[in-house]
Every structure is written in structure tokens, then in C-alpha cells.
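Next come two complexes built around subunit A: one with subunit B, the other with subunit C.
Entry: the complex of A and B
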């Protein structure tokens, strides 16, 4: 054990790790928000609730059908993503011509419905979800102990973030998407089915949230309010990063997670508020956000 | 009260008395109703409803007339109620001074939060106000004077101006009624002033307002501070009435609730927030037996309002009226 700035290295690296884990979730969720906003011009307030749905889907699958973590990691995002497709077809598609605010209000209402149902069905106490067998235990790195599951979360979310970035920025499909974001009418004129693309984009963004939820289940308890607490922080992350850039969302998410982790070590009282304070500072210094374009 | 709406003419060409004076008549009906109501239902419920109605009116000043959606109005409502409760209980201030203290706190917080939030537009504005409110929620959770999870309880209602005992329900009711009607008229006055016309111009087309030479940021900030201040006045009054300030009042569901009240009543209508808050409070009161389902019902109302009913109750009625 050695010390850095008077803090035992174990504690420091431990908090850094927690920061990275939180950062993975910030990145995954703000990425989903950015993708949805780019295509639908809607801020998806129910993103947190859909993250919670992912965690609950995993929990229910384990409880009632004995399907464990790995199937849940695939099935839960698919199922929740499908509900997203339904939501888009049933509700959101009627709002595109209106002020952005209505999209926010509608998805806020959806978030209340989802959270309310979860509370009624499952109670508001947290439910435990076990770490999968393959990822039990951990590695002793000499300066700290690294639980395998946490390492997996960081690697997996990085992989998902980077592949999303790759698909959007470097493939033909992504080019269609970006083009449709800029000028949907023109892209439709080229014979591309933009409404279907919009629907699937929303489904994909929601599936990302659910994927994050499944990964979060073994770390945090599964509880109905897990999403609403997180989503407000993610909003601050999005304000800091700006939603113009996919890579920006990822970098900001991880970066802020780390800063939050460090704050827990050096100034624990401020750890709950540090991201909001950073948001205020960024607004003062760079109103458009770190990666944002001036609207 | 001055006649604000442009005269709508009937088929015969003469402005009908009813239509020309609709707002004034509605105001008289509302005031009379609130004077009579305590003889028929619980005064405490009515006082609480009036506080929320004023809160919603203050919120509506921003969304309805400047087009700014603040998703963090619980910040001003809740912090004003903390300061009012604290100053009445610990500093021993008389209720009117306690309410003033709370209101002034909200004004200062509104100035700080507003000058940050107006740096971004549209959807970002909503997210910033929400995030700032959440930050102040955490401060309220951590600070000693707020009492954390317990809140500030058993706040004395005290003696108004040191003379009138507000433990008397009738006296308290009159105070709340005066504050509510005063706040309502103030907002009406703001909306129909030249200043209010500029706000509406910003709502309709901000770049154009800028090109006409208006410093729109300054107008937006003043509107934000006014809205925060009036919301604070409502929160401070509520703390004195209910003798309680708690985390519920600063937390994000409260911000959502005031949005819901205004949406149900009618965004951008002067009476909408009042109707909406009475409807929503009555619903919560009647539905308290169903427990957590209230959340689901609120969500369903949100979705229904946004999809089918965007004008709200008062907006729909006004639309019928104009026919």
C-alpha cells in the first residue's frame, strides 16, 4: 500500500473504478439520448425508466424462467427495445411537428407510468441480482483489487459505445442516419424509408438504455427509482457534452464518472453535486457545451 | 381590472358584454367562489390548493408567455418554504416577514439559476433547470438547518404583523386568499404590460425580437426571476399554512407536478394553472387510497394531455367560446 496526496492508494483506485463504472452508464445513457435526439428531436425523459426496465427484465427472467445473465443481456434489450418501437409508433410519431417540449412532457409521463407500475408490482425496496458465475471473483493488481464483473462492465460498455460510434460515423447505414438527421425530406426523396429509420433509431436508443440496465443490475440493486435518479445526472452530462457529437457523449460520460469518483475520495460531501457544479461552470465558460455546436 | 383581450365581435357586430369582459367576469367568479368555498369544504385543502395554484401561475408565466419550460421550479418553491419555515421557527420572525424571507431567497436563487439557464435554448433550458434543481435538492438533503429527511416540522404560524393570531383558521384563510389573488393579479398585470408583450414576442420569434432591438436575454432573465419569486412566495406561504417544509417540496416530482397542473389547466391561459392545480390536488386527495397508482395516473394524464388535449381545460373552453 502506498499513498497519493495522503489518500491510501487502495481507496483512491477503488473510487476511480467506481467512477469508471458510473461513467460507463453515463456514457451509454447519454449516447442513447444523443442518438434519439439527433433523429427524433425529442429528449427521451423515459430513458431512465427504460434503463430500469432493462434491469427488471433481467430480474424477472431469472426469477420466473431461470434464464440467467447472459441470455438477459441479449433478450432484455430486445424486449425493451420493442416496447420502444411501440411507444414511437403509438405516441411519439404524432409529436414531430410540434414544439420539442411536448416530446419531453410525453416521455416524462411515460417515465411516471413505468416507474409507478414497477413500484406497484415489485415494491420500492431494492432487489438483489447475483453476479454471473463466469465473472465472480477478481484480480489482485498489486495496487488494488479488481472484481472481474466490474472490469467486464467497463470493457463491454466501451465496446458498445465504440461500435455505436463506428456504425453511425463510418458505415453506409450511419451515413443514411446522419443524412436523415440533416434533411429527412431529401433523404426520403432518394427512396430511403425515413419513418422506419426513425422508429428503429428510437428502438435502438431504448435498447441501449435497457442494456445498461442489465449490466447495472448486479452492481446496484434493482429498484424502481434507479432510473429517475440517474437520468437527471445524465441530463447534466448531456448539457456538458452537447448532443452534437457521439464521441463527445462517450468521452464526457466516462470523464465525468472519473471526476465524480475522485470527488468521493477528496471531498465526499460534494460527490452528489459535483457534476451539476461542473455543468454550471461549463455553462459560464462554454455555453454551447464542450463538444456542442452553437445552436 | 383592465380589459385585456381584444374585443371579439358577435354576429351583429357589437362586442358581446360577456365576451368582452370574460376575464374580468371569470376573475370575479373565482374570487367569490374562493370566499364562499371554505363554508363547504376543508379550508386547509383550499389554502393548500391556492398555494399550488399560485405556484402553477408563476410557472405558467414562463412556459405560457415566454415559451421557456423550466423543469426545476420545485427549487424556488421548496427553498422558499425552507427559509420561511426556518425564519419563523428559529429566528422567530412574524409570518409576513418569514414569507418575505422565503420569497427573497427564491428571487436570489432565480437570478442565479436563471442567468445560467438562459445561456441555452429550448430543450437544453429544461434540462439545465432540472439539473440545477437537483443540485439544490442534494444541498437541502445535506444541510443541517433543513432537517434532512424529517424536514422542518411544527413551524409556528405566529401573529400576522405581531397582532393577528394565524392559528385562527379564518384569519389564515384570508391571508392566503389575499396573497393568492394579489399574486394572480400581479401576473395578469405583467402579462398585459408592454414588458409582457415583449415576452410574447420572444416566445413567437426570438430572432425577430432581437432584430427589433430588444435585449431578449435580459427580458428572459427578468421573467425568470419574477416567476421564481412568485413561486417562492407560494412555497413560503405553504410552509406557514401547513407548518411544514420538507424534501418533497424541493424534489423533482414536485417540478413535474407543477408542469402537470399547468398542462391540464391550459398552458398560456391565465386561469388554466388555477383550474389545473385544483383538479390535480382534488384527484390526489380523492385517490390517496390507491397509493402508488397515483404516479401511474399522473403519467397517463400527461400522455393524454400531450396527445389529445394540448390546450388544457381552460384552453378548450376558451376555444369553444370564441367558436
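Entry: the complex of A and C
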């Protein structure tokens, strides 16, 4: 084994891989945020709470109806996505014409309420959720032990990210969506129901968060604050990638996961702050983010 | 004029009447983490425990009037200090209790000393509170980092775990726990191979666990608490750390953490506590009362909650004996003079450095099939007698200890 900066190469590869796994979560969450911001112009601060709702939905399904991980992976995002549709119909649809700040405040308030209710009902210490049987165990890669579940996380998240990108950037539906955000009146004139499309887009973004929540349940502590811990980092990822840029969210999500992973080896104390340092630098050099277009 | 005189006389009479009954009023402030990772081990449960103590005490001592308030320090020393200052200066609080998070507790301890009020610590762990940073206004009730290390780390070294790697929460508490546990390991013939300092409230420990794995240490010492401990144990199971032959030492694990992990993941873990809800009938009866007060039938009180209860009770006894809670130093002096005695911790004492002394227990988490009802978590492995459970007085470097 050779060494890189005094760290055995095996350990370094391991850390890179782990960075990629964490990056999967960043990518999934920032993707939802980017979709919502790109299409609705709403800064969705309740994204973390919706991610937490996904994990809790999985837990509650297991506890009360015995439905395990695989059904939860489908049902939880649907249910949480539906609550997103409700939120959009009840509140958000009135805010599109106003300043970004209103949407931000509304969703932030919602997040506080959702977290408070969860804490009151389920406590703050967290709840147990086990790795599904089919994904237990792991592979010895020579340089590290890779749990099967983590491998699954990378695969599933890449698949979801790429298909979302494909739908929005490369299909007719995506073209309608993008057109509707540019000029809703004109698109409506072509006979397309823009409000429904926007509602469903928000629901989809929320469902993405819930999907990430179910993915996280077996490996992270399922607790009411699991979302608020992550959401700030994810926002930094979105800002670095460029607000509203789908590709930017995906690429920076994975990239920052890797950078954070490396920081955990070379300077662990800074691992919680490194992303924000990068954010500050990027904002200085490219205020619109790495992949963002100047407004 | 006559009327005014009459009113004055009446007021005077009323005042002297109150003085005759020797009404004592004290105000208790429960300062805790109400909304984040330590909210289940302290938090609202600590408020409930304090309420139980107050209700019980005022029933037998109607001349003592107790007011109870609570606050959320959000695990930030600056927020905690602000609340403490406000409470002691403006709201006339006489005693602050609980304060999980050693960073906040060390700050509050200084404030209580400057303003000559009382600080009864239950939630914080750093042994510095009765060591180099001790003062005459602080009593440390439930547990501390020295006691935890002396329990868990010693037991693990004696059963062959003689090389260690620490995962340490990067703040006052984690540093103190790592230092105390490291000292115990080395004193008992073991070696510390390495450590990694992890920011508080970290989601993903896999990177750090990998470093621990590469170190080839026999034991991975978790010098963290609450959500951090849960995440690190959960993820080490995933990465096959225990299967690979390394052992985990949860240096601070609470019943609520075991509940959050679930027995399939937590089984076999050794841990040290000074109080366990299911240990005897008195504890079980108290836990029932606590669940009613907390309005949470499915939750189980932790040793921090028990410590808040018995700490508040002992404080109130001392205030009643002095007939005043105004002079913090005098109250703590009285608390140290009076032997402690309550249903949860039994008979004990508070040492001159502020350390409350009682036995500690080494537990092992049960296998899922051994657990018969919700909350049936531990098997008792060993009892460490009160005189051995805590750091000897002379080794703490507390300025209050002379000679």
C-alpha cells in the first residue's frame, strides 16, 4: 500500500467512497430544493422537515401496519408528497408573485411546527429502524468494508437524480415545466394546466425529500431534528451549485460529499464547517453559483 | 389621615403575621436542552422531575413556597449564560438545576458563583465541575466523566480490551470524558492508540468509524452522548465493527439511547449509570409518578431526571433548615453538612468539592429475547460502592479542598 500525505491509500479510497455516499444524500435533497426553486421560485425551508417526515412515515408504517422498508420507499414519498400538494394549494400558491422572503418565512414556520409536533409526539432521542434483510451485511473491497446498504444508497440516489434531470431537461413534460416558469400565461394559452403542473412539481420535490428520509432511516438516527441538522448544509450545496440549477445540485451534492469526506481525514474538527467555507469562496468568485445563470 | 394610619397598621400586622409563620419563598429554574439532542435525557423530563420534588416537599412543609420556571439553552453557552444572568438578576431565581451539556454548565457554574446563588448540576458530565473549575456554589449530583470512565473503561480493560481508539465529541464534555477514560485505560495497563475529534451533532460517523477500524484498536471508546452516540453505534453495526472483532465502549449511554437504538442493535453494550428505573420497587414506583407528571406513558426516566428530583429535594431541605435561600454559599454549605437521603439514591453525602457521592452500577444491555416488557433494558453486572465510584477528593485539584 502506498501513502498519500501520510494517509494509507486504502483508508483514503474508503473515505472517498464514504464521501460519495454522504454526497448521495446531499444530491437527493438539494435536487428537490433546486426543482422547487427552479420551477416555483420558492425557497423551501421545510425541506428538512419533509425529509424527517419521510423517515418517520417509514417508522410509523413499520410499527402500525407492519409494512417494511421496500413498501415504505414508495408509499412514504407518496404520502408526504401529498401533504406537499396540500401545502402548495393552501398556502404557497398565494405567494408566487411576492418576494422570495414570504415563501421562505412560510416554509420555515411550517418546518418549526412540523418538528415541534414530531418532538412532542415521538420524543427527541430518536426511534429505531433496522436495515432491511436483503441489504444486510457488506462486501470486503480490500481497502474497506462496504455495507451493502450504503452501496444501494449510491445506486438508488444516482438513478433518481439522473432520471429527474432527464425528465426536466430532455422530455416534453420538462419543456412545458420550464416554459411555464418563464411565461405561465403563454403556456396556458397553449391549453396546458399550469397551476396543476406547478402543484405537482412541488409535491414531487417534497416526495424527493421524503424518499431521502426513508433512505436515511436505517443508517441515521430517526429523530425530529434529523432534518434541521442537514438542511443548512443542503442549502449551502444548492447555493454553491447555483439556485435552481438541477445539474448543479446533483454535481455539487456528490462533489461536496467527497470534499467533506476528505476533511474528516485531514482535519476532522473542521468537517462541519468546510462546506460553508467553500460556499463563501464560491459566492465571492461566482455569485450565481458554479452552474447558475446570472439573473 | 386616620385612614392612612389604619392602613399602615394593618399592613404592619399582616407583615409581622407572615414573619411569624416564617414563610420561605424560593424560586427554582430548570435550565435544560428542551428541543435538541439532549431533550429526552434531560429537557421536559427534568422539569417533571423537579415538579415531583417540589410537590412532595411543599406537602410536608407548607411554610416553604416554591416557584418553578424552565428555560431552553439550545446547547449554546452564550444562550445559557444569558438565561442564567436574566434569571438570577431580574427574575430572582435562587437555584439553577440540571443543565445538560458541560459547555453550558461550566459557564453557568461561574455565573452562579459570582452572583452567590446555587447551581445543582444533574445533566452535565464534565468532572471539571468539581475538579479544577469547582466553586462553593455548585453541587454536582448524578454522575461525571471520571465516574463513567472508572466504571466502563476499567471493566473493559480488565476483560482484555487493552488498546483504545476514541471517537470524541469536540467540546468540553467530550474532551473531559476522553481525558478521564484515557487515564483509566493507561493506569490499568492499556494503551490509547489514537483519537478523532468529531463536531457535535454529526450525522454521519462512517468516516470516523473507518479511521477507528484502521487503527486496529481492540476497543473503540465513544466519548459522546445522545444523538451522537446513537448514530455512532447504529453505524458501527452497519460497518461490521463488532463482527470484525473490535468492541464498542459507550462511555455515556442513557436508557433513552438504548430505546432509540433498539435492543437488536444495542445488545451486549456495557455501560455505567448511577440510577436505572427498573432496578428496585422504589425506582419503579417513582418512574410511574414521573410518567404521569410528564404525561408520557411510553417514556422512561433517565438517571439525569432522578438526579434532578433528588437534588431539588435536598436543596429544599437545606433551605428550609436555614429558613432562607438568599445566600447561595450558605445553602450549599448546609447541603454539604446534611447527609443526603432519598428514595432514589439512598443515603449519601456531598463532599467539600461539591461532588455528590453514591454507588454506580455497571450494566449490560439485554438481548432482545431476554427483554420481557418495554423498558426492560439492562442486566446488572457489578456495583461500584460509593467510596470507589467517584474521583478521590485529593486528585481533583479543586481549590476548595485543603491540604
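Note that in this section the second predicted complex is superposed on the first by the 284 of 295 C-alpha atoms of A that agree within 3 Å, B and C clash if a C-alpha of one lies under 4 Å from a C-alpha of the other, contacts with A are read in each partner's own complex, and residues count from 1 in each chain.
Keep this in mind: a contact is a pair of C-beta atoms (placed from the backbone, for glycine too) under 8 Å apart; a residue touches a chain by one contact, two chains touch by 3 or more.
Note that this is a predicted model, so its numbers are computed, not measured.
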- [ ] Please tell me, clash or fit, for subunit B and subunit C sharing subunit A in the overlay.
- [x] clash
Open item on the list: So in the superposed three-chain picture, is A:189 touching just subunit B, just subunit C, both, or none of them (first/second/both/neither)?
Closed with: neither
Task: Which superposed partner A:131 touches (first subunit B, second subunit C, both, neither) - done: second
TODO: Would you check which partner chain A:74 touches, where first means subunit B only, second means subunit C only, and both and neither mean what they say?
DONE: neither
TODO: Mind working out whether A:280 is in touch with subunit B, subunit C, both or neither, as first, second, both or neither?
DONE: first
TODO: Using the superposition on chain A described above, determine whether A:104 touches subunit B (first), subunit C (second), both, or neither.
DONE: first
Open item on the list: Contact-wise, after the overlay, does A:269 reach subunit B, subunit C, both or neither (first, second, both, neither)?
Closed with: both
Open item on the list: Quick check for you: in the superposed arrangement, does A:144 touch first (subunit B), second (subunit C), both or neither?
Closed with: second
Open item on the list: Applying the document's definition of touch, where does A:119 land relative to subunit B and subunit C: first, second, both, or neither?
Closed with: both
Open item on the list: So the two structures are superposed on chain A. Out of 80-88, 242-250 or 368-376, which stretch of subunit C collides with subunit B?
Closed with: 80-88
Open item on the list: After overlaying the two complexes on chain A, where does the subunit B footprint on subunit A coincide with the subunit C footprint?
Closed with: 119, 124, 269, 272-273
- [ ] Could you please specify the touching residues of subunit B with respect to subunit A in the complex?
- [x] 63, 67, 69, 71, 116-117, 119-124, 126-128, 130-132, 134-135, 138-139, 141-142, 252, 256, 259, 263, 291-303, 305-307, 310
TODO: Give every residue of subunit A touching subunit C within the complex, in rising order.
DONE: 8, 10-11, 14-15, 18-19, 21-22, 119, 123-128, 130-131, 137-138, 144-145, 147, 149-150, 218-221, 223, 225-226, 229-230, 261, 264-265, 268-269, 271-273
Task: subunit B partner contacts - residues on subunit A that touch it in the complex - done: 37, 43, 91, 94-95, 98-102, 104-106, 108-117, 119-120, 124, 228, 232-233, 235-236, 238-239, 269, 272-273, 276-277, 279-280, 283-284, 287-288, 295
Open item on the list: Applying the document's contact rule, which stretches of subunit C touch subunit A when the two form their complex?
Closed with: 35-37, 39-41, 43, 170, 196-199, 201-204, 206-208, 210-211, 213-214, 226-227, 230-231, 234-235, 238-240, 244, 254, 256-257, 259-262, 264-265, 296, 299
